[in-house]
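Scrolling down, you'll hit the structures one after another.
Two complexes come next, and they have one chain in common, chain A, joined by chain B in the first and chain C in the second.
Moving on, here comes the complex of A and B:
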């Protein structure tokens, strides 16, 4: 890939982000356009900003990679990521805005009138934010590695520096415009190359992707294996090997491997002939990719895991810290609802595209399944299918989009996590403390992303959704719709539901979960942890009915009544006459 | 992911969780009062009494109502160790802890009526007809406030006892102090409300006169402009004289500032240069009513009324995480910081002073002491006022005006 194009594109995105963030304020110099400058954000702009913030590396790169690896079962990811907003729209959007809360901790405090509930909620906001930031930074590392050959940690460090620097220096003074710009950039970056790729694919007699059998290589391909893997062959395969296979060194010799398992050493280059089936990568318990496997397995585990994914994504969206803070930008509850409706449309359109890349990747770049870099499918396709300068330019556009994805999600998350840290963790408040909080918010996931190895981004993000669905979904849904929720109930539910999901997720990623069903249960905790969170909240609330917050009726009235009923009285004196324009 | 990283991540998560739970526990225990105290039995009894009394104080600080009396009486009865304890206002029994409310209520109110006339505490036989009833004697002590006797505390015992009389009188006196404090709270609130009203009233004469004069100068030469200015004037006064709601939104407040500046612009013409920088995210922030407009008025006074030259006024509202930061800057005559300090301390009430100190006080009252005005100024160096408004604070809810600028509807 031509590095110059890609680096230019990435640099342009970073520059545009900083410029819009720093200068994108509404400025007026006369009283007559004062009115325009002080107008609140309309639902369309706000929806683009929410979508821009939400469509992360998991959406831009991860879904295509998972579809390439595991086929159409993975379409539940984009479906879930979108449908979460439907639940949000119906149950949460308007009441959350009317509560006046900025962060989810604010909501806990407003509804429960309890400092303890606020503290626990803050802990979960920070935890979920970090879980979500981690894959963004790792994705950035992967992208930069593919584009320029830089070491894997460099991309993450660059994104972290840009975001933390911009946020801490006050460069994100107008984050709404930045995020809205990034949404349209991401959509363009995915849509334009997709059109070219589809045209090229039709010109190629439209070969069909096969997901029920191993992918077949279309031409002779050299594959470099970066880590030691076991591969499984269902028929003998003739190939050239430079490196070690089954413990023996080979130097560019043709070799026929028998059926069954083989061990390929790190750094080996395999030359696979055209028409060969891509060997299947066998996963072991130490391999973090393994726990996404059950979804496509044919037994009961697969069905269970699918439900786990659906529950986590449907119910987890409402608890994402960077989505929740954007409700505040809407002027009232009705505008918040309209915003989410527009988000559904925008996110829905976007998610039509990644599966296209996944399917094309299965046809044109199947060896990515062997190297474990399936997340890179989106980035390498233009060069693979179209080639030449056009391919390189399209690749650069995709790289720009991918970086926009990292930057927007990471800056949104950093802002909201830093907000919570500066309010609830650091002792005193002030602009300087917000800067300190920003650095803290970014340093922890950055440190972990540098020491930790790569995990499929869409999966890693799925974990954050599972924790969010088990902690904040019960809090928000019961807090808004059930009068009898008490502070001890909410705290117990957050700790039991969210805590158990967090523990299960951590155990899975650490590889200390047992095999079999127990493993599946812990890898997809939402199925049991969400009901557990709800039940704990309800049971403990009923047991502590005396602790009902005193202002609960007023709070619920404010959450559910439209603003013009609760707050607006007719003004004294006549209204301004119609047509009294300025 | 490598094993070490995973271990570190897991450990960090667990430590955070455990730390949070422990912190909550510790704070809770501190609130409930530890029993691992080392004093003598007498000291312990004293501490216990003081603690019980302190628990009864918060409800009473809200004044004497049925709800607060019910909460307080539960705490007070253990303090006296009586069979039944009752709090009454001048007309009826508000709360009764212990048995016998059914047939004693009438008797008690008759006694209270007598006591209200005399204003002294009494110890009387309860004259109960039920021989099983443990309430044989009643001590009735007055609860006094600034405006005389507010009600009575009635303690029932099974026999006549000087200790009970003494204890009931002391508790009644303590309750009276709490009620006086409640009255003090209320009058402080009333004072602040009065200051807001004064602030509104203060805008009018001076500003109304100048505005009308400026408008009048346009009536012949540019009737259309005169009409527009009159409409701005109407909108501005409607907002400023709004009667309901302590809080408004930044968008509404900026709208009122726009109208104010349009009128000031008509008066000062080209001398007023204006720059406005708004991050639209912070427009829905709720903030105390009329807390920015006086600052702009102050800038206009310093920049235009007190100096003959051109003045640039810059108003910026920025997003800073969980806060909104509003700055109002003018290139006017500035002020001696020592004078300013005296104005903010309330020692000197100059013509521009009341606006600044009132805004400062209200911000501190609503958001705490670290959210007061930050003013940078010097003689001849202009003035820059920074206000930091938290996006959320419990109890701060805007009641939107009738014309939210550019709202969705």
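Moving on, here comes the complex of A and C:
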């Protein structure tokens, strides 16, 4: 790929982000502007901002890569990401807006009138936010590495600096403009090349992608293996090898490997002839690709894993910190609903595109499955299929879109994590402390992303969804619809539900889980941890019925009554539930 | 202790009625804003109708989308493995699901707004 085009495109996105952020700074004058854009953002702009914030690296690059690797079963990811917004709309959108809560911890305190519940909720907000920020920073590092050969930490540092700068300088108002811009950029960046690619594919007699058989190479392909891998051959394969295979050194000569397992050393270059079947990469526990593996597995594991994914994404979206914060920018509950309806349309249109890249990648770049760089499929396809200057320009456009994805999600997360830190950790509130909190919110995941280079990216995102579905989903749903929820019940449910999901996935990652069903159950905890969270919350609430918050009826009335009945149209000044903050 | 200092006895027959309160619909409104038992009942009736609407939308999501994995697992159980089932998978998950979810959402938004309008009508006596 031509580095000059890609670097220019990425630099342009970074500049545009800072520029629009700076414009926001000139508009953003009061504290209220700063936090919540004074709640005057109209549904169209706000919906574009929410969509822009939500469509992260996992959506822009990850889905196409997963489809390339494992076929259409992986389409459950985009379906789940979209359906999460439907569940959110139906169960929490308007009441959450009417609660006047800015963060999920504000909601916990307003509904339960308990400082303890607020502290536990804050802990989960910061934890989930950091879990979600980490893969964004690492994805940025990976992209920049593929595009320009820069060291892996560089991309993460650039994203962290730009985001911390934009958020600390302009706050929510400028972030709204930045993210609305980035939604349209991401959609264009994925749509325009897709049209060219489909045209080229049609001109090529529209070959079909096969997912039930190993992918076949269309032309002679040189593949460089960066990390040592085990491959599995189902029939003998003739190829040229420069490097080591099965511990033997070869220097660019033809070789026939027998069927069965082989070990390819790091730095080996394999020359695969046209028509060869791409060898299957054998995934191990530490392999980034292993997370989604069970989805396509047989004997019930696959079905269970699919439902694990469905529950985590459908119910986890509502508890993501950067999603909840966005409700506050709508003027009232009805606008919040309409905004989410527009978001569903925008996100749905976007998700039509990544599968196209996945299928085309399976046809034209199947060797990416072997090198483990399947996430790069979106970036390399224009060069591979179209080629020439046109291919390079389209590739640069995609790189710009990918960077917009890292920047927008990372800024939304930083904004919300910083909001919680500045309210619950730092001694006093105000814009200066918010800026300090921004640095804190970004520094921790950045440090982890630089130190731990091999945290599987997809894992961290899936983990964030599972933890959110098991902790905040019960809190929000029961808090909004069930009068008898008590503070001890909520705290117990958060800890048992969210804690068990976190423990299960961490244990699987650490390789403690035994093989077989125990492993599948722990890798996809949402199926049991979400009901566990709900049941704990209900049981402990019933057992501590005397601790019912005294103002529960007033709170529920506020959550559910339309604003024109309660006369709560207060366009200026952030309204906070009494005693919020401590 | 003299008789003058003793607090005077008062006859209490009910809650003092605020002077000038408009009759009829404003009554229900203040019942709600003052969180009386009757007001709470009003709020609960709104919550119930909104919850019913929400559960309808969730049920249709569960039926339309939630049952798809089972539906896709069936052909594998009968082991036909034809490419047609792959095409159905792509069409269903890649395209068809999205407009279905959006239509469900639109139905919900309209219905929820209507519930609120009906409730306002009830409370304001319109």
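One rule holds in what follows: the second predicted complex is superposed on the first by the 533 of 582 C-alpha atoms of A that agree within 3 Å, B and C clash if a C-alpha of one lies under 4 Å from a C-alpha of the other, contacts with A are read in each partner's own complex, and residues count from 1 in each chain.
To be clear about the criterion, a contact is a pair of C-beta atoms (placed from the backbone, for glycine too) under 8 Å apart; a residue touches a chain by one contact, two chains touch by 3 or more.
The model shown is predicted, which means the values in this text are computed figures rather than measured ones.
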item	value
In the superposition, chain B vs chain C on chain A residues touched	B
Partner chain(s) touched by A:143 [first = chain B, second = chain C, both, neither]	neither
First (chain B), second (chain C), both or neither touched by A:83	second
Touched partner set for A:556, first chain B, second chain C, both or neither	second
Touched partner set for A:334, first chain B, second chain C, both or neither	both
Chain B versus chain C as contact partner of A:106, first or second or both or neither	first
Which superposed partner A:434 touches (first chain B, second chain C, both, neither)	first
First, second, both or neither for A:510, with chain B first and chain C second	first
Touched partner set for A:268, first chain B, second chain C, both or neither	neither
Interface residues of chain A shared between complexes with chain B and chain C	334, 338, 564, 566
Footprint of chain C on chain A - complex, ascending	72-73, 75-76, 79, 82-83, 86-87, 89-91, 94, 211-212, 298, 302-303, 306-307, 310, 314, 334, 337-338, 340-341, 344-345, 348-349, 351-352, 355, 359, 481, 553-554, 556-557, 560-562, 564-566
Residues on chain C engaged by chain A in the complex (per definition of touch)	29, 32-33, 35, 39-40, 43, 46-47, 50-51, 54, 57-58, 61, 65-66, 69-70, 73, 76, 81, 83, 86, 89-90, 93-95, 97-99, 101-102, 104-106, 108-109, 112-113, 116, 119-120, 123
List of chain B residues in touch with chain A within their complex	1-10, 12-14, 16-17, 20-21, 23-24, 27-28, 228, 231, 234-235, 238, 241-245, 249, 251, 254-255, 258, 261-262, 265, 273-281, 283-284, 286, 316, 318-323, 325, 370, 388, 391-392, 394, 396-409
In the complex with chain B, residue positions of chain A that touch it	25-31, 34-35, 37-43, 100-103, 106, 109-110, 113, 115-116, 119-120, 123, 126-127, 170, 172-176, 288, 328-332, 334-335, 338, 415, 418-420, 422-423, 428-431, 434, 437-438, 444, 448, 451-453, 455, 491, 495, 499, 502-503, 506-507, 509-512, 558, 563-564, 566-573, 575-576, 580, 582
